[in-house]
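In the two complexes below, chain A is the common chain; its partner is chain B in one and chain C in the other.
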Partner chain A sequence: MYQFFKTLDRRWVFLLMALAVGIPILMQLQFPEKPTGLAVVVFEEVERLNEGDKVLMAFDYDPSGEGELGPMATSFVRHCCEKRLKMYFTTLWPAGPQMIQDSINRVIRADFPGLVYGVDYVDLGYKSGEEGVIKVIVTNLRQLYTTDARGTNIDQIPMCLDVDNVQDMDLIVNVSAGYPGTKEWVQYASTPYPDDIRIVAGCTGVQAPLFYPYVPQQLPGMLAAIKGAAEYEELVVNKYAPDGPDPKYLEAKRRMGPQLVAHLLMIALIIGGNTIYFIERRRGGVSA
Partner chain B sequence: MKRETLIWLIVLVIAGIYLSYRFATVGIGSVYVQELGGEQAEAGVAEIAAGTATLSVSRTFGVWAAAIFTLCIFSFLYRDNPLYKFAESVVVGVSAAYWMVVQFWGVIIPNLLGKLWPAWIQSWAMPGLSPLYGAYWYMNLIPLALGVMLLWRLAPKGAWIARWPLAFIVGTTAGIRMVGFIEADFLSQIANSIVPLVVATDGSIDVWACIRNWIMILGIMACLVYFFFSIEHKGVVGHVSRVGIWVLMITFGASFGYTVMGRIALLAIRFEFLFDDWLWLIDPLQKRVGL
Partner chain C sequence: MKRTVPLLITTISGFLLIAAAFIPATESWGEVVTVWFDILAAIAFILGGGNLMKVNLKKISDRVPGWGYAAVTLIAFLLTLAAGLGKIGSPPASDQEFYGETFASLPAAAFPESQVTRIAGEIPEKEEAQLPDSVRRQMSQEQGEIVFRGWILPNQIEDLKSFKQTLEWQCTVENLAEAAQPPESLRGKAFYYSDHSALSFRGVMDEASRTELAAMSDDTRWQQAVDSIYEASQKTTTIDVDAVPTGFAVPASLADVVSYSVSPQQLSMAGPMSRSQRDALINVFPPLRPASEAEIQQFIDELNGLGEPLTEEQQQVVERNLRGGWTAEELITVLDGAGQAQPVAKTACEMLAEKEQGVTEIDPFHPPGDDVELTNSQQAAIGQFANDESITVADLVDQLQAETFTGAQAGAMAAFFAASPTAGGRGKTIFQDLLKLPGTNLSTGQRDWLLADFRSEFEWKKSVYQLFTAAHTPKYTWSGPYQSGGNLFWWLYEYAFKPLTATMFAMLAFYVASAAFRAFRAKNLEAILLLGTAFIILLGRTYIGVAMTAWIPDALKAFRIDELTIYIMSIFVTTGNRAIMIGVALGIASVSLKVLLGIDRSYLGSRED
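Up next is the complex of A and B:
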């Protein structure tokens, strides 16, 4: 047995992981979620806003981050729609416009057809320049954003008339998959203007540990990875659709099923790998 | 024929027969669309049953192409192979082309040419753009000149000219990022670390908040001592730096845990796509109820 595990082909591990993720998806395994502090803060930051308040929806991710961040984006848009907030979509990622369109189609057009483009929400599209864009638009939006994503002059869009810069926003909601993303929004928006710019973020698991030092002074709330998304979903659904929501608003919660099984497998593999290592060390095969 | 090749051939033939059968009988991987607000959107069962939805050949092809490319990339887990290389090359090629088109229409046209020749750009490229010159429009001649200088490196002579704009890019980027890091990651982090060691709320001591702050302060101090190499790590300093290593290890462990969570989420969405959109084995969004 020891020899078998010691020389185990890593492809068996891949197969085990595929089964650990695949079977719960096929069985549609789900577990209850209890929202933790950071998710509650994010929810309350949106909740405290009043109808007509302005929210900059900075969706800085692309299809590679969709698995973790798509459910967050969906919940954020749904929450803002329920609160009747004015949403200004923008992205610093070249493939971000498709993610914005996906959220608009999935939530606004499908479930909130009464919201009017240009009055309740606007897609400002992609801007190249990474953190340079943030640095400019915190003081002057029009210097970079002359038109929206459809090519309409920004001065002809009613909800943009009273917006001069990002400081006019009541909240920034950033969904971030990497650079540029939450780190840059914190560095160039919320840190230099702590009294005028508030930001909440949803980020990938890889980034989450880097952002914890910003909480709560520079970043009041953060949804970390798919777990954070599931908690936020739970909060939004409990408040606005307690009698059974559309399944598309429970995507993160659904993805927590495979997470649990895969994590159990990971723990077993780590314990197994270490056990083999220490057995071998005791036998004198490996030096410490 | 090698045994392994034969096994894979049999697996592929069986999979091909199964997929063909399912496509012919159920229509797996098909996408139906409907008109919504002047644009095409994915249709649900109700629209399909009502006859207002039509089969989208391009989107159906997209689902099949995405599924096959996903499997090609997954095949690398077994071994490097031509299918993986093909999928990888397509990704690289498509990404490069996409970036080029996006940067041209998103930067060169609106941010450079649109500011230097607004009326001309408005007439054929961006109807929403103002045809009037903005204030200090001539300042945009500088990035135009720098851009031309940057492209000079492609010329057979005078490649050194490209070093000037490159130096400008390096200098400005370093300056902008330095300011950001000093303010948000250095000074603000010092401020964030100055926390009360005895936390009192509503007249009583919040024990958990006290413990949290103590752990944070001691952890920071221990890590700083570990990175202080001017004194040999012996005696008290050695013990404290060892605690610092433990704190760092716990941090790396937490990072690893989050990374695992992220990667599993990515795997889960690919599996969901294969099982739901392509193979129609599950229907979590209830898109095909009664179909």
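Up next is the complex of A and C:
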């Protein structure tokens, strides 16, 4: 037995991980979520806005981050729709436009057909230049965004007429999978203009530790990975669809099931690996 | 020189950005530099593409191990590039197309002299402003007259009106708008788009219109344009249709251009189809009349007969939807509301005349006329229509128009019926509302029966759109978005790029698991601390962490795993990261200064380059 585990083929580990993720998905395993402080702050930042307030929805991610970030983007859009906020979608990632379109189709077109493009929401599309774009639009949006993603002149879009720069936004909602993303929005938008620009963010798990130093002064609230998304989802659903929402609004919670089992497997693997290590050390196989 | 110029650009740009950050007056300098940076970032994509080609072509050429992967990369790159740039399969942008019109190229200079309008007046001179772009090619000032070459369009009238806000100019524009029109018989049919240098004709050009247009000028270009439009507009488009609505008849307004044959089942359109014609053809399904108690019961009985009987709650949903249609009283209220007289705006020329007569306070509106309310016989006709399915909307309109019935009322009635549900829409709503109830389990028969009308309406709509698209000749075939749903780029994105990138990210879980088993060892104190922290975070980020330590009393809740996770992240992680970030920031400042001052030139490449 010891010999088997000592020379365990990595494919067994891969198989265990596949089962740990696959079985909970098939069994629709779900657990309750208790929102923590950061998720509550994010929720309250959106909640404090009034109907017609402007929100910049900066969706800086692509399909590789969709698993973690898609559900929180869905919840953000749903929350803004419920509050009847004006949404300005933009992305600094080349594959981001499709993520914006997915969110618009999934939430606005499906469940809020009364919202009008150009009046209630607008897709400003992708711009190359990473943090350079942020640096320009915080003082002059029209320098870079002369049209929306459809090619319509920005001066012909009613909801853009009274927007000169990002400082005119009441909140920035950033969904970030890496560079450029939350760090750049914090450094080049909210930090230089602390009185005019407020930002909340949702990010992948690997990025979260890097953003904690910005909380709470420069970044009041943050949703870290699928756990943060599930907590925020819980808050939005409890407030706006307590009688049972469409399953797409509980996607993060559904994904927490596989995460729980996968984390348990990781712990078991670490313990198993260390057990073999100590047995081997006792037998004099390895040195400390 | 090769190194000095880039160095100078870097230094100047860098110091400008530093100045812009600290001196508000130089903010716009920073914007200019950053915009240039953004432009260069976009150009970098082209360089990146070129580099990708070069590197992979070399690998393939040298047959290095794994050159097959390089070939796959290259093919995928070129395919995506061609699909995106070529917009393969993208329909033209609907907002840039002129549906229902046929075009022929015609420069403004070839427009017939007989159609050049001259009116008395002067184009106002405005500081720092020229005439609006839309009219600049056609409008000029000649010998005290305003000359307009071609026929004026509604958007041009609006542009000219907003050019100067004086009554005199507004009146001149009104006179010009009245004069610069095609002959009466061609109004609303023939147009000239100077922006597009094109002559256009709406619908099918008949022989009389062709003769009248051709007689306007002997210019060969004009004659060719008229002939070209005539021939193109004669095109008849025919499509096969699987099913037509029950009792379908071509709407009277389309009888001249749309025809339907029963065998084979085909729908034909003469000439191009406009949006309003398309909508008229789609909306052939009658609006639902209010359901009676007997009809509601029959509906429920029929639904019960196809599967499990409805529960009381489900029946309430069905009844609510069936009763939720319009009523005769609602329609009468809407039409009476639309009949209320509205003040009519005066023209600029009318107001100018009043001004010249010495009126000081000019009212911009004519006094409203009398309200028009439906008579008893009109109300009775509506009541009868609500209860008799054999009466069509067209019959009702005829009955109402026998007495006073304004255009506003006719428009309000059309809007009212357009917003009323059809049988398909109601069936779909009932179906969706039933599914929202917990525990609803409709049989296949019940689902099909509820959705039957909706499906046939959808199929019909699809056929009409197919005819609409087939009858249209795109003016700007390349104007559609590159990522239109269903085109090649979209397909590559949805079915290749999206799953592949998601898979790459998901594979991390497998490698991390393998690494955890093999490499995460408690070899020393630091490793043990790291392991302990990892356990807490792994448990704390899931429900298991909460459940495992929920028993700990509130007084000691700081020891619960979820609380410990927050503590670690907000104290230890934040502290460590802040220290690293401050160090990195100082390092960046130091290196940046070296670069800006030209001390560090390594980014310029080696001296041998």
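Everything that follows uses one rule, which is that the second predicted complex is superposed on the first by the 288 of 288 C-alpha atoms of A that agree within 3 Å, B and C clash if a C-alpha of one lies under 4 Å from a C-alpha of the other, contacts with A are read in each partner's own complex, and residues count from 1 in each chain.
We adopt the following convention: a contact is a pair of C-beta atoms (placed from the backbone, for glycine too) under 8 Å apart; a residue touches a chain by one contact, two chains touch by 3 or more.
Just so it is clear, the structure is predicted and the values come from calculations on it, not from any experiment.
**Student:** If we overlay the two complexes on their shared chain A, which of chain B and chain C does A:Met266 touch? Say first, second, both or neither.
**Tutor:** both
**Student:** Using the superposition on chain A described above, determine whether A:Gly244 touches chain B (first), chain C (second), both, or neither.
**Tutor:** second
**Student:** Contact-wise, after the overlay, does A:Arg48 reach chain B, chain C, both or neither (first, second, both, neither)?
**Tutor:** Touch status of A:Arg48: no partner.
**Student:** Determine, under the contact definition given at the top, whether A:Gln217 touches first (chain B), second (chain C), both, or neither.
**Tutor:** first
**Student:** Mind working out whether A:Arg150 is in touch with chain B, chain C, both or neither, as first, second, both or neither?
**Tutor:** both
**Student:** Is A:Thr36 in contact with chain B, with chain C, with both, or with neither (first, second, both, neither)?
**Tutor:** Second partner only.
**Student:** Using the superposition on chain A described above, determine whether A:Ala225 touches chain B (first), chain C (second), both, or neither.
**Tutor:** both
**Student:** Which partner does A:Arg255 contact after superposing on A: first (chain B), second (chain C), both, neither?
**Tutor:** A:Arg255: touches chain B, not chain C.
**Student:** Of the partners chain B and chain C, which touch A:Lys6 in the superposed model: first, second, both, neither?
**Tutor:** Neither partner.
**Student:** Return the residues of chain A at which the contacts from chain B and from chain C coincide.
**Tutor:** 14, 17-18, 21, 64, 66-67, 95, 127-129, 132, 135, 144, 150-152, 192, 205, 208-209, 213, 225, 227, 259, 262-263, 266
**Student:** Can you tell me which positions in chain A touch chain B when the two form their complex?
**Tutor:** 11, 14, 17-18, 21-22, 25-26, 28, 64, 66-68, 70, 94-95, 105, 109-110, 113, 125-129, 131-132, 135, 144, 146-148, 150-153, 155-156, 184, 186-188, 191-192, 204-206, 208-209, 213-214, 217-218, 224-227, 246-248, 251, 254-255, 258-259, 262-263, 266
**Student:** Please name which positions on chain B make contact with chain A in the complex.
**Tutor:** 36-37, 41, 77-78, 98-99, 102-103, 106-107, 110-111, 114, 126-130, 176-177, 180-181, 183-185, 188-189, 191-192, 251, 254-255, 258-272, 275, 281-282, 284-286
**Student:** Which residues of chain A touch chain C once you look at their complex with the stated criterion?
**Tutor:** Going through chain A, the ones touching chain C are 8, 10, 13-14, 16-18, 21, 31-34, 36-37, 62-67, 95, 97-98, 101, 127-130, 132-133, 135-136, 139-140, 143-144, 149-152, 192, 205, 208-210, 212-213, 215, 225, 227, 244, 256, 259-260, 262-267, 269-270, 272-274, 277, 288.
**Student:** Mind listing the chain C positions that touch chain A in their complex?
**Tutor:** Where chain C meets chain A, its residues are 21, 27-28, 30-31, 34-35, 37-39, 41-42, 44-45, 93, 95, 438, 481, 483, 493, 497-499, 501-502, 504-506, 509-510, 512-514, 516-524, 531, 534-535, 538-539, 541-544, 546, 562, 566, 569-570, 573-574, 577-578, 581.
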